[in-house]
Structure formats: C-alpha cells, structure tokens
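Here the chain labels run A, B, C and D in written order, and each chain numbers its own residues starting at 1.
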Amino acid sequence: MKDVQNSRDRRKIPIRKVGIKGLRIPVTVMDRANVSQHTVATVSLTVDLPHRFKGTHMSRFVEIITARRGDISVRQIGAVLRETLERFDSETAQIEIRFPYFIQKAAPVSGAKSLMDYECAFLASMAGGEDPHSLDLVLEVRVPAQTLCPCSREISDVGAHNQRSIVTIRARSRALVWLEDLIAIAEAEASAPLYAVLKREDEKRVTELAYSRPRFVEDVVRGVASKLRSDRRITWYEVESENIESIHNHNAYALVVGPDSGPDRPAPVRKRRSRRR
Amino acid sequence: MKDVQNSRDRRKIPIRKVGIKGLRIPVTVMDRANVSQHTVATVSLTVDLPHRFKGTHMSRFVEIITARRGDISVRQIGAVLRETLERFDSETAQIEIRFPYFIQKAAPVSGAKSLMDYECAFLASMAGGEDPHSLDLVLEVRVPAQTLCPCSREISDVGAHNQRSIVTIRARSRALVWLEDLIAIAEAEASAPLYAVLKREDEKRVTELAYSRPRFVEDVVRGVASKLRSDRRITWYEVESENIESIHNHNAYALVVGPDSGPDRPAPVRKRRSRRR
Amino acid sequence: MKDVQNSRDRRKIPIRKVGIKGLRIPVTVMDRANVSQHTVATVSLTVDLPHRFKGTHMSRFVEIITARRGDISVRQIGAVLRETLERFDSETAQIEIRFPYFIQKAAPVSGAKSLMDYECAFLASMAGGEDPHSLDLVLEVRVPAQTLCPCSREISDVGAHNQRSIVTIRARSRALVWLEDLIAIAEAEASAPLYAVLKREDEKRVTELAYSRPRFVEDVVRGVASKLRSDRRITWYEVESENIESIHNHNAYALVVGPDSGPDRPAPVRKRRSRRR
Amino acid sequence: MKDVQNSRDRRKIPIRKVGIKGLRIPVTVMDRANVSQHTVATVSLTVDLPHRFKGTHMSRFVEIITARRGDISVRQIGAVLRETLERFDSETAQIEIRFPYFIQKAAPVSGAKSLMDYECAFLASMAGGEDPHSLDLVLEVRVPAQTLCPCSREISDVGAHNQRSIVTIRARSRALVWLEDLIAIAEAEASAPLYAVLKREDEKRVTELAYSRPRFVEDVVRGVASKLRSDRRITWYEVESENIESIHNHNAYALVVGPDSGPDRPAPVRKRRSRRR
C-alpha cells in the first residue's frame, strides 16, 4: 500500500509539532516514599516534521507509549523521548504526561488518614543528536488549598471570606525534585492545606490556622517563589494562584515567573533555539 | 434522491428522543424589568420517533430554531414545540435552552453597580394533539452564592470556613415565575449573595453578613424549598446545593425534591406517563 | 465541642440526598478476564436525611470510602451501602463510582495490541432494612465508536461523512453482566469500533467496515436496544447515541429506554417509591 | 479602613501578572459586515505589580470592564488597556476576551441560511509609557471543520474516515484583519467547512467536496500557514489543527509557528522585553 505520509510536500513549511493528544493509559508513578503508585495518565507525544515530508505516522506514537506498559516515570521519560527521536528521525520530541497523583495525609489533630488528589504533569522535550543530559524536564503540580483574604479579615469585625484556591507550580531543576516537595511548598504558603477527612477537632484547627495566616493570591505566589528561588536544585519556576472567590463569581489570579534570567516558559524547543541565537 | 430516513425500520423499537444537541445561537430573553436581554444559548431539540420510521430529518430541528431569529423567550417556547410536533408529526417534543443570564446588582454599601451572571435554562416539552396549555415548562437557575459553615463557626475561636456554592433550582409553576424570582430566593437562603464589584466597605458588609448567617448545604436546600413550598405559583421544585468546599478537594451536596406529591423530575414524557398510571 | 449537625431542624423538610461529590481515589476493578485493573474513580456517596436533623456528618462518607482502600468493585458495593445505611441510620443510600476502564484490543488485521479507554460507572442504591438482594445496581458504559451516515453514503457518488460517536448504555440486570459485555454490544452496533493503534492495513479494514455498515444515531440505539432486550439477564436499559457530527458543529442524538414496563431512570429512590405506590 | 493592599511587601518579588479571570459579560462585537453582533464574553484583565506593593485592588479591574457597558471591540481594547495602566500605575496590562462569534452561512446548493458559531478571542497587552500604537494584539479563532484522511482514502477501496477537526489560528497583523478573514482561511484549507443547516443536496455536495480534498492535520496547518505567510497584513501566526479522530479515541495534532523570525508566542510582555534585550 502506498505510504502517503512519506510523499513529498513542496510548501517549504516545517511543522513545529505533530503527533497525538489525549491518549489515556494506566500508569505507575514512583513516589517519594519509593512506593509505586497506580494512576491514569493523559498523554500527548509530538515531534517536529521537516518541511519536505507530507505527514508523520501517528500509530508509532501510540506504539511507543503502549510498549512501556504504563511505566513512564521521570526516570523513563528520557528513554521514551530518545526512542521517539530515533523512530521518527526527528530533531525534537515533546511529551506531556498529566495524571492525578495521590498523597496520604494525616488530619492535623485526630491524625485521621486519607488520600488527597493533586493534578500533576511531566512536561518534557529533547533535541536530537544531543546526549541524554539534554533532556528538558518541567514538573507541574496543581495544588488545591485554602486562602483567606487579608483585606476581608482586616476590615471585618468577625470572620473573613476564604475559598478553595488552585496553586500551580512549574519548575525545572538540576537535581531530582519530587512532586511531594513542590506540593508541600504550595500548601505551606497558602492559608491552610486541604484534607479529604477532617474530624471536628481538625476542622477547628484548620479554620483557626487559615484565619491566622491570611493570604492574597499575590502572597501565595510570592511565598512559593521565594522558597523556590532559595532552593539550590531549582533553575526555573512559574507559579500561579487562582482563587475560586467566595464573594465573587469570577476568580482572582496571580503569576510569578523566575528567576528573571531564566526562560519564560516550559517550552524546551524554544528555549534551545534561543540558546543557539 | 432517495429519502433514507423515511424508509421502514422493522425492529419494532420506538425511539424516546431523537434530535440535535449543542446548537449555539444568539438569543434575546425578556427579563423582569421587561428589558430584552441579549445572550447566547445552547439548544437541544428532540422528538419521539415511532418504531416504523428509520430516521428523522435533523436539518428541520435547526431550521425551526433558526427561523425564530433568536427569539425563543418563555412566551415563544409553546409555539416552537407546537411547530416541532407538526413538522415531525411526532407525539412528543422536548426542548432545552441553556444560557448565561445577567442581572444588574448594586453593592450593599457603596451601591456600586455591576452585572452578575447566572446559568439558566428553560426545559420544556409538549405532547401532540393536546391543547396549547399542555406545555410542560421547567425553569432552571444555577445561582453561585457564599455559604459559611455553621459547624466551623461554632467550634472555632475565630473565623469560619466559607466558599462559593452553587444553588440549583428547577421549578414548575401554574403562573408566570421570573428567573429573577428564583435567583432572589436562592441568594436569600445562602449565607451571602455574590457580586461582581465590591468596594472595601461592601466586602466588610458581605463578610459580616455571611458570618451572621452560617448555612450547611442542608440549610440552603431546606430554606429554598420552604419558600418554594409556600409560593402559590410553584407546583413542583427540585433544589440542589453544592459547596466547592474550602477545606476539602471534594464537594458537599444536598438535594430536596417537592412537593412529595409532585413528579420527580423535569421529564415531561415520564410525567405524562405517570399521569396515565 | 457542640455537635451542630445533630441539632433539631424545625422546617419539616426531609432531604432526599445529602453527602459528598467529586471525591477522587485510586481503585481496583475486577475485569472479565478476572484480572484486577488499577484505575482512578470519582465517587459520590449520599444518604437521605430525616426532616428532624439539621445536618449530616460529611467526614463519615469519606471514611467509608477510604476504609475500602480502593476496593470498591461491584462485589463490594452492597457492603459499602449497607455500612453507609448503618453509620448514618438512614433509610436510603446512593453511590456513584465513575472511572476510566481499559480493555486490551488487537487491531483487526495486524493484530497489533493496544489499550482502549472507556468511561464507565457503577450507579447503585439501597434502602434500609431490606436484605442484601435489595441492592439496586445500574452499570453505565460510555463507548466511543465510529458512525457513518447512511444518508450521506446513499446520496453521494463517493465517500460518506462519518465521525466519532459516544454510545452510552445504562442497564440493570438480574445476573452478573460485565462492563465488557455492554461495551462489546455498543461497538458491534456502531459502524466500526475504535482502536488506539491501527497500522495501515488495519486502517483500510476499519474504513471499509464502516462504509459497509452505515448507521444513524437511531440505528445505533435500536441495534443496542434489540440486543439488550433479548438478553435474559437485562431487566432495564437506557441507550443513548451522540454523534460529534463531522459536517455540523452540533451533535445528533438519540435515546431509547426499555423495556417499556421498566422504570425510566437509574434512580433507585424513585424506583422504590414507585414500587410503594 | 486600612488599605492592606497598599502596605509594603519586602520579599523583593515583582509579580508578572495579577488580576481577574473568568468575568462574564454581554458584549457587542462589530463584524465585517459592519453589523454589531451581541454575544457573551469571558474576560481576564491583569497588570504587573512592582515588588514593593503587597496587593492590587481587584474591584478596579471589574469597574474598568463594567464601565465599557459591553463595548470592548477591537477598537476599544487600546483604550481599555491605557485606562488600566493609568488606574493601576502599572508597567504592563494584559487582557483576554473570549466569546462565541456567529457568522451567517448559506448552504452550498440549497442556499439555506444558518448561523455557525466560532470560539474567538482578542488577546492584547500594552506597556506603560509607550504611545497608543504600542498595543500588542493577537486575534484568535477556533474553527470547527471537516478533515478527511488522505491515507485512509488512498488505501481503501471505498470511503475514507473523516471527522470534526478544530483549526486554531492566532495572528498578529500590521493592519486590520477581520475574524471572518481568518475563519475563511481555516475553512478553505480543511477538507470541508461545517454548516448548521444542510439539506440533502447540500450534504451530498459537502460529502463529495471533503472526499475530493483529503487533508492530514499537517496539510491543514501548512495550508493555513502558507496563506497567512503570503498575507502582507500578517506579521506573526500560530496555527494548530486537532482532529477528533473517528477511528481512534485520541486526537491527531499539528502546530506551525511563523514566520520563523517572529516571536514564539502571543505573549506581548515577553515580546517587548526580548526586544529591549
């Protein structure tokens, strides 16, 4: 059968990224306690396509992912991207692996144990011909937490509005950083962390903790950024905080990117290209 | 060209509903202040299909909606369904019109005016051969509001966790009920209403108001239900409250349906069938 | 500390359902091949609340789920609901467990193996005081498949528009039915099943298969319904088909419910009430 | 009352963006036919915050948007951003306005008229102290269209799989470009455009048109890019195509960015900062 994809394209337009999106597979992720955790990932895998080729072979992307039988932990990502570069003979390859990640937490007073879920992701890319260390990896964690408004607390005789807030951290590092490390920083800089199970004594503690630590979205992103900035392992970070405001039907939002010398986005291809300039 | 849809089907299986979903159109809705409001609706329109017909003609559904040029207010729904019954020669027709609805609100202290948005819907159906009054109409409003936890307030020395909550009301009535009427009831039974604009003095007032009116999701649905129950116009209601908990990553939920003598759902076909029983 | 939830409520309004929604946990599901499969579930657990009680204890719902350590297979649901009824001393309890479910499939020609994902759910309820067999369980599968338009094929000189379609089956049964059984029926009644990996020879086969089996959404729901109707194990079913139309920006939709003698919805509470009538 | 937001922050961390997200308002947009169109927009408005200030005043963002009474057409965006820069005394301001946009189309054979909806957006920013012309504006259109697989058509004896595909164009220009212009390019480069109403004769035409114009996602992004590249008005573009594959449960995706000399992203702040370097 004719291989349409391999036919010539004459428009002289190279394709930055081509591949698959939204492939769901069960995966195992190694967590800090060195226990492998079962979850479900949504994966996208792409490569660049030189201007002369009409198309790529989509089934290969799925084959590469499927062949790993769900083992696409941080340690495997480099190998996955190298294999992708080779099979597609491409210059660059990018992968995004998004998955809910679970951490067992103990309620602050009762010690009642429960699992909290966090949306996490590995955003990685690699450029062909370079050595394994050329892997560009960004860890992303989306951490739900509580924020209590400093202004509301200051001006009100009683109470203060608070809400669920989503703190997102994306970070590059020169040494291994666990998702748990980033999640812990986000929870420490919000007004209070969330729990799946809270007994009454725990609810009292969490309520009073949040009241004692009012935080604007601006405070949260700065608090997280200052910890990441002082972490020797971290080379780049992007921190967002978004409040599901309890007094408005829209959200409050803040973003910090750093260090200023660093790249603006977890976009390896561009990062590499800017280096070349 | 052969009309495939009109060919015979021999499986003896009547189709309960067939039609279109997700059709988006700009619409005008008349609001209580008798000002026509421009918004965008997502519409589904369906009919039943007797077992002997293979298929329906999907384009007709869109033609019926399009021909109204965006005027599908409550007053028009009966006409739309009658036309649908006639063009499809069907026994029943159902329509769902979902749209964001806007109400201008003044902040409680400063009086600063702003628009609040609410997800609303007209859920209607009609049975063929019956007179115009057979129209079955359910109004639905989804009202974002603030709820402050009575337990958290009671047991904590300071503060109380609160959050954005979504209060949903579905109601049938024997006389005209405005979306504004239902929205007002939902906001009055939560701990505090939301606003798009709040100056500092307003934020103080709203914060203290919520603290003075703690509400569980159970309190909200009961408060709303008791008002609907005592409203002579209302013949059936379904009330839901869902808290985007600020201390958990899951939601708290409550549902009340009434009056007990009434039908369980805004599902006209079933309602009619239960009448037949 | 005062137990606010246990205080009296005087509004005389019983609550139909109260509990938690959106709790995510890793679970293991036993599949037909008797291999336990790891996935992630989103759970809601609710009970009714008599009019005299002000509130329920939300943390208990999470404790009940958490205590199962992810083992909430069909065999466990009865026990989970019985425990819920007992701990809350409630008349009814309802649970919804939604999760992506994976089945290994072999491509039709090359035999290339890959995993397909399906959104599945266990929708169950139980009424207090009844024996274990009173468990009301509805299985739900959402099966993505291909549908090719019979009208388009009939009237066009070449080709026929086709698209991804979502076939949803909800079923009650008197004997064990596997999710795989329902998924197989849905895929057999569409124009063609989907696969994660298709080599060129497979793509040729699937394309020609779909062209040889044109199906309207009406055909799909009738085809599935006729198989469910003739399945001795099935006592009730609801079948939906929704085409992500490739020639429109809205969807085509069809619904069949049967058998006509059966209840209209997988809503156990209502089902029970209708029994009482 | 104390102005908490104006208090000092000593962490020396400037905030890249702070403001509101998800504010919904009715808006009027002027379309190419110079008819003002009513729709509903979701708006985010942000500014940078110097390291020395603790917080910003969120209510001002809403006031600025609300004061426009829904008139935030392209012509108004510059004024909105200038006002934002002045009221916040900030260096940069960014706005995102997303809305469904409607265009009346006539079916290809019957000429039947109907409205098609497209997700569009104005993504703009401005840097303080610069003249009005410093406005950086990116137009975004998300165009649903049909793509028919060239490989499937080539290798199959009959038919070819096709599906709904979303073509996204983001573009900067030196002269006025209408949303209609970009939408027309996207529809012309897919296998066929979509319509809300198609009579049988139209369905035949569209089916045969798509069969005669097979397109991979790679073809679509290249076709669109080559037209944008040759359009004197366009100074930068980013083109994506994503197929809701009818033979898979995942999507096929392609991205082209150009011209190569241009910036990588519609991120005005960065664009400006990189110029300064």
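The definition used in the following text is that a contact is a pair of C-beta atoms (placed from the backbone, for glycine too) under 8 Å apart; a residue touches a chain by one contact, two chains touch by 3 or more.
Here the structure is a predicted model, which means the values were calculated and not measured.
S.K.: Which is it for copies chain A and chain B: same residues on both faces, with over half shared, or different residues?
M.R.: Here the answer is same, because the shared fraction of interface numbers exceeds one half.
S.K.: Measuring centre to centre with C-alpha atoms, which chain is farthest from chain C?
M.R.: Using the mean of the C-alpha atoms as each chain's centre, the farthest one from chain C is D.
S.K.: What whole-Å value do you get for the distance between chain A and chain D if each is reduced to the mean of its CA atoms?
M.R.: Each chain's C-alpha centroid was found; their separation is 24 Å.
S.K.: Using mean C-alpha positions as chain centres, tell me how far chain C is from chain D in Å, no decimals.
M.R.: Each chain reduced to its C-alpha mean, chain C and chain D end up 36 Å apart.
S.K.: Starting from the mean Cα coordinates of chain A and chain C, work out the distance between those two points in Å.
M.R.: Roughly 30 Å, centre to centre.
S.K.: Of all the residues in chain B, which ones touch at least 2 other chains?
M.R.: If we look for residues of chain B contacting two or more partner chains, we find 1, 23-24, 62, 117, 151, 155, 196, 198, 200, 204, 249-250.
S.K.: Please give the residue numbers of chain B that touch chain D in the complex, ascending.
M.R.: Listed in rising order, the residues of chain B that touch chain D are 1, 3, 23-26, 37-40, 59, 62-63, 66, 100, 102, 112-115, 117, 196-201, 204.
S.K.: Okay, in this complex, where on chain B does chain C touch?
M.R.: That would be residues 1-2, 4-5, 9, 11, 13-24, 44, 46, 49, 54-56, 58, 62, 150-151, 154-155, 216-219, 221-223, 225-226, 229, 242, 249-258, 264-265, 267, 270, 273, 277 of chain B.
S.K.: Along chain B, where are the residues that touch chain A in the complex?
M.R.: 116-117, 144, 146, 148-149, 151-153, 155-164, 192, 194-196, 198, 200, 203-204, 206-208, 210-212, 244-250
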